[in-house]
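One chain, subunit A, appears in both complexes that follow, with subunit B as partner in the first and subunit C in the second.
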Partner chain A sequence: MEQILANGVYLGSQYAMIALGLTLIFALMNVLNFAHGQMYVIGGFVTYTFYGQWGVPFVLALFMSCVTLAILGALIERFLFAPVIKGSSREESTMLLAAGIAFFLDAVILLVFGEKQRGVPKIVDGVFNYDFRLIMPYDRILICVLAILSIVAFIGLMQYTKTGRALRALAQDRTAAQLMGVNVDRYSMIGFALGAMLAGLVGGLLVTITGVNLGMGGPTSIKAFMMVMIGGAGVISGAIWGGIILGFMEAIGLALLYQYGDITYLLIFVSLMIFLAIRPQGLMGKPWG
Partner chain B sequence: MFNVSAKQLTGVGVFLFAIFVGVPLIIGATGRWDFYFTLTSVALLSIASAGVWLTFYIGRINIGQGAFALIGAYVSAILVVKAGWSFWISLPAAGFFAALVAILIGIPILRLRGVYFAMITLVLTQVVTLTALALPITNGAKGMSSIPLPSGVSLFGIPILPDFAGMENTKLAFYYTACILMIVTYAALYRLVNSRLGHLCRSMQQNEELASSIGVNIAYIRIVIFAISSFFGGIGGAMFGSIAQSVYPSSFQVVDSVNFMLNCFLGGLGYVFGPMLGTLVLYFGWDLLFEFGKYQMLIYSTVLILIIRFLPNGLLSLRIGKGGDK
Partner chain C sequence: MQRRTLMKAALTAVALTSFQATSALAENTVLKIGFVGVTSGPAAAWGISNQRSMEARAAWINETGGYTIGGTTYDIEIVSFDDQKDPKRAIAGMEKMAQEGIHYVVGPNVDDGAAAVRPVAESNGIMYFPYAFPKSLYQAPASNAVLGMVANYQSGPSIYKYLMEEKGVKTVAFIAANESDPLSQRDGGVEAAEALGLEVVSANVTYQVDTTDFTPVLTPVMRAQPDLLVLSGVSPANAPQLIRSARELGFQGVISTETAQDAGVLAEGAGDLANGFISVGGASTPELASPMMNEFVQRYTDMFGEYNDESNTKVYALEYILETLKADPAAITDVDAFKAAMDTFEAPNPYMNGDAKLRYVGMTSFGQRRQVAVPLVVNVYQDGAFETLFVAEVD
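Up next, the complex of A and B:
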């Protein structure tokens, strides 16, 4: 039981970070970022290149992941999403663009990093063992703590800084924010960069444990969508809850139903559909987003 | 009833001539027999895309067509292999089964809107794939393979449809079958859009509350539309399974669902024939780029991004001009 709970916390903290970036982008621009999983994979590969290949210290490699993704996100917003949102008659067109970008990033990853599974050396050795009831490698604990710290830092940024206030205002009401003198274009770009950066950060963190490969992008995006739906689209606290709930469901399901294979995911998906049929806006979302 | 101008009639005539006479002639002349399979796929995928387009028409983003295509493919395969039905009876059965599933699932989920509906349909695709893996009747990951080719049909001793297994050129036969199905689908779609139901759909697309307040039964219409949409998906999927002679849980995945949606976007959501053009451009373009080897995906996605960047309202928006919204 302790083991299941620990796994739940570990998975939940990773998932919450992925969902945060996705929900931030959705809240600001009303864009469903299909490319989120691919951004996560790129983050993983950047850390792999710096830390695993060139021997740069892990923290610096992680920082490079963040910077790369933030720049990538800013460019994508500035030159692709912003003009398309202005020019299209139905805002759903951005979904086509997002899917196109997902394909594009997949192609780039394939060409630059290849299709092999990549892993890096462990950052800390050893296993935490509490009476054989709770076994957790130290590097997982470290990653989990780092993830929780990043989430706290992100919430702090959103709550107490000028940028955070501007972003929240933008998410609440774009027009009103503009009338209050918020530079909408600039903060949209910052918000998108921040969301992409979070994806890169998780990718960099997780490469030390699960490694990274080309095929991880799509499934990660789907999981992120699910977490956002559980919590409610475009709500920061909802994304965190969604991540934690999905993390626990997966940990418990895999522990109890491991001999049935993929049945866990089937159950999670079905219960999600029933849940959404009863409460369409998720736990904390505004009705009809 | 039909306000068909001479110009439209000529257009349809040219189109029919092109796909039934022109394409086989060109393929015969160039010897690219593999194009038959590509074009057959385009025709079948555009049937499924037509369904997605129809759900767009009531203002819902549908990323779940892969689920219904997979259901259709499995229903047809199981009926033919295990129950020994003729393929031609299993084809509508597959469509109706997909529509039935759509009604049952649609009653709760069609209350959702916007991205919520989009995401739940995306999850639906995943659910159906996993169900196909888990159920015993679908053979799990092994899938159903070596499905027999469609057999002949005769009514009162008069052969109506030939036996596909006894044919030397099944590619051409499948091409014609798929094209006929596609034309029937799009004719039905055109008729639907220009009917009373189509007008009601347009009112829902703009504002559901307003439509409801003037007496449109929105709950009923959206279920009907979703069922028709899934019927198309089931038919497309069943035919696809028959041509490939196999169905696997991975035959239609989330990527396929997304592609169906992209076909509609690319062709243009405001035009009945948009999904057909979108499917042709996307699928055929992908096939043509095969020669670039590992750069295929890069070129394909770059072109896709450029198209949406400079033509955000779809390819057919190029000839908009006359203010027609259809």
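Up next, the complex of A and C:
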């Protein structure tokens, strides 16, 4: 039981971080960013290059992942999403654009970083072993703590800073925020950059545990969408709960149902379908959007 | 006036350069060889190593004057199609090859893709070289598919037997991704292990192919405390993470797989924890690699920036196609001639030291020669490189 709980907390914290950026962008711009997984992968590769290849300290490499993705996100919003949103009222325009960006980034990743799985040296050696009832490598514990701290810092930023208040106002009512003097264009760009930066941060953190490869982007996006749908699209706390719930469902399913083969995800998807049929807006979303 | 002269000179230079380029391209007839496989998504490494092996070898051939078959010298052109590991896309890829008049195709990389393209290949006179293991593809009445590597039901028993005799292995656990290839390889491995007298203590645990954290997946397997953990059909992307998680959970036994791996990927992803990991490779270890293999590795590295150890196996398919066409030039447009040549074909293996031969095998497994005789080189990973554990042959 201890192992299941520990696995659940670890998986839940990393999933919550992945979902946060996606739901932030959705909340601000009503854009389903299909390229979120690819941004996560780029974050992993940037940390891999700085820390794994060039020997730069891990913290600095992680910072470079955040900066790279923040700039990339800002550029994507400024030159791609903003013009499309202004020029088209159809939601599928931004969806198609996001899908196109995902394919484009996949191609760029292949050209720049290659097709191989990449990994970096462990940031902390050793394994915590409590009487073989709870086994957890120290690097996972550290990453879990860092992920939780990052989530807390993000919530703090959203709650207690001027930027956070402006972003929340934008998410609640774009027109009202504009009438109150919020520079919508500027804060949309900041919000998108922040969402992309979160993807880069979690990619950089997790490359130390899971490594990174070209093909991780699509599945990561799908998992992130699941978490966002569970928690409620566009709700920050919903994304966190969605990540924690998915993490625990995985940990419990893998521990208790292994003898029946890989039915954990089958059950998760069935549960999700039933849940969405009963509560389509997710746990914390509003029925009216 | 001066400007006009300059423009004329520039135009003349452009025209001459274009003429020269056209002449160089038109020097040899072009022989197109196809590739249909996965070059995107989580399994991209499998197909990309295929495609790049073919492209590196084709560039080498073209650079050195082309490939002579029946008195005609050909430049080799590789026509590639990414099937995204989707059988429907694989069919579309094979149809594209047929439309381009291509008769020889390498791929697909996985079981369902290889099965899906069979009708298209057979109806359009295409010989194809899949990296898929279902015997029905290679047994009569099927005759157009040629297995491009050693199957797990051929390499697995050799590895298990070696480990029983040399390491005293008595119990084994299998873990596989929840996909057709790894699951069928797991089933074949379980059957082979039981036939050899090994006790299978766990074989039900599977994982999603996009799993990134294997600790929860492996925890129940570790409780069974096997002597040997087999990673059935594991992709190079997943192998380091599985090894790392198993070792971190305290597993002390042997870990093996029957798929090809990359030493650099293992070094980065698992480091010293991968020491002792057993996998199947090609002719890459220093004692086996011929000067031509070494040159291939160098050219591949120069062309793509980094070599992939999986290409030690993937380098063979194109060589087999060209050498067999050389043995019977009529086969360039007539696959029946190719099939007839396969029964007696034999040529020196340019990638291995010693007197190894290129020839078609498969009589024991398929009842007909529908497999390339890639050497069964079983490697063990040690401190960043593979060492040859033993070499065997498939008949």
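Simple rule for what comes next: the second predicted complex is superposed on the first by the 284 of 289 C-alpha atoms of A that agree within 3 Å, B and C clash if a C-alpha of one lies under 4 Å from a C-alpha of the other, contacts with A are read in each partner's own complex, and residues count from 1 in each chain.
Rule of thumb we're sticking to: a contact is a pair of C-beta atoms (placed from the backbone, for glycine too) under 8 Å apart; a residue touches a chain by one contact, two chains touch by 3 or more.
All of these numbers come straight from a predicted model, not from anything done at the bench.
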Next on the checklist: Contacts for A:10 in the overlay, against subunit B (first) and subunit C (second): which applies, first, second, both or neither?
Outcome noted: second
Next on the checklist: Looking at A:270 after the superposition, I want to know if it touches subunit B, subunit C, both of them or none. Which is it: first, second, both, neither?
Outcome noted: first
Checklist entry - Which partner does A:218 reach: the first (subunit B), the second (subunit C), both, or neither? => result both
Checklist entry - Is A:165 contacted by the first partner subunit B, the second partner subunit C, both or neither? => result neither
Checklist entry - A:106 contacts which: subunit B (first), subunit C (second), both, neither? => result both
Next on the checklist: One more residue to check, A:95. First (subunit B), second (subunit C), both or neither?
Outcome noted: first
Item to check | Touched partner set for A:210, first subunit B, second subunit C, both or neither | outcome: second
Next on the checklist: Quick check for you: in the superposed arrangement, does A:250 touch first (subunit B), second (subunit C), both or neither?
Outcome noted: second
Checklist entry - Taking the superposition as given, does A:280 touch the first partner, subunit B, the second, subunit C, both, or neither? => result first
Next on the checklist: Identify the residues of subunit A that lie in both the subunit B contact region and the subunit C contact region.
Outcome noted: 106, 110, 218, 260-262, 265
Checklist outcome for this item: Counting only contacts in the complex, subunit C reaches subunit A at residues 39-45, 48-49, 178, 204-208, 210, 212-213, 215-217, 219-221, 236-238, 240-241, 248-250, 262, 264-265, 268-271, 304-306, 308
Item to check | subunit B residues touching subunit A - in the complex, by the definition given at the top | outcome: 56, 61, 105, 108-109, 111-116, 118-120, 122-124, 126-127, 130-131, 133-134, 254-255, 258, 261-262, 265-266, 269, 294-295, 297-298, 300-302, 304-305, 308-309, 312-313
Checklist entry - For the complex, which residues does subunit A have touching subunit C? => result 3-4, 7, 10-11, 14, 52, 106, 110, 114-122, 127, 129, 132, 135-137, 140, 206, 209-211, 213-216, 218-220, 223, 250-251, 254-255, 258-262, 265
Checklist outcome for this item: Contacts from subunit A onto subunit B in the complex sit at residues 26, 30, 32, 34, 80, 83-84, 87-90, 92-93, 95-97, 99-101, 103-104, 106-108, 110-111, 218, 222, 225-226, 228-229, 233, 260-263, 265-266, 269-270, 272-274, 276-277, 280-281, 288-289
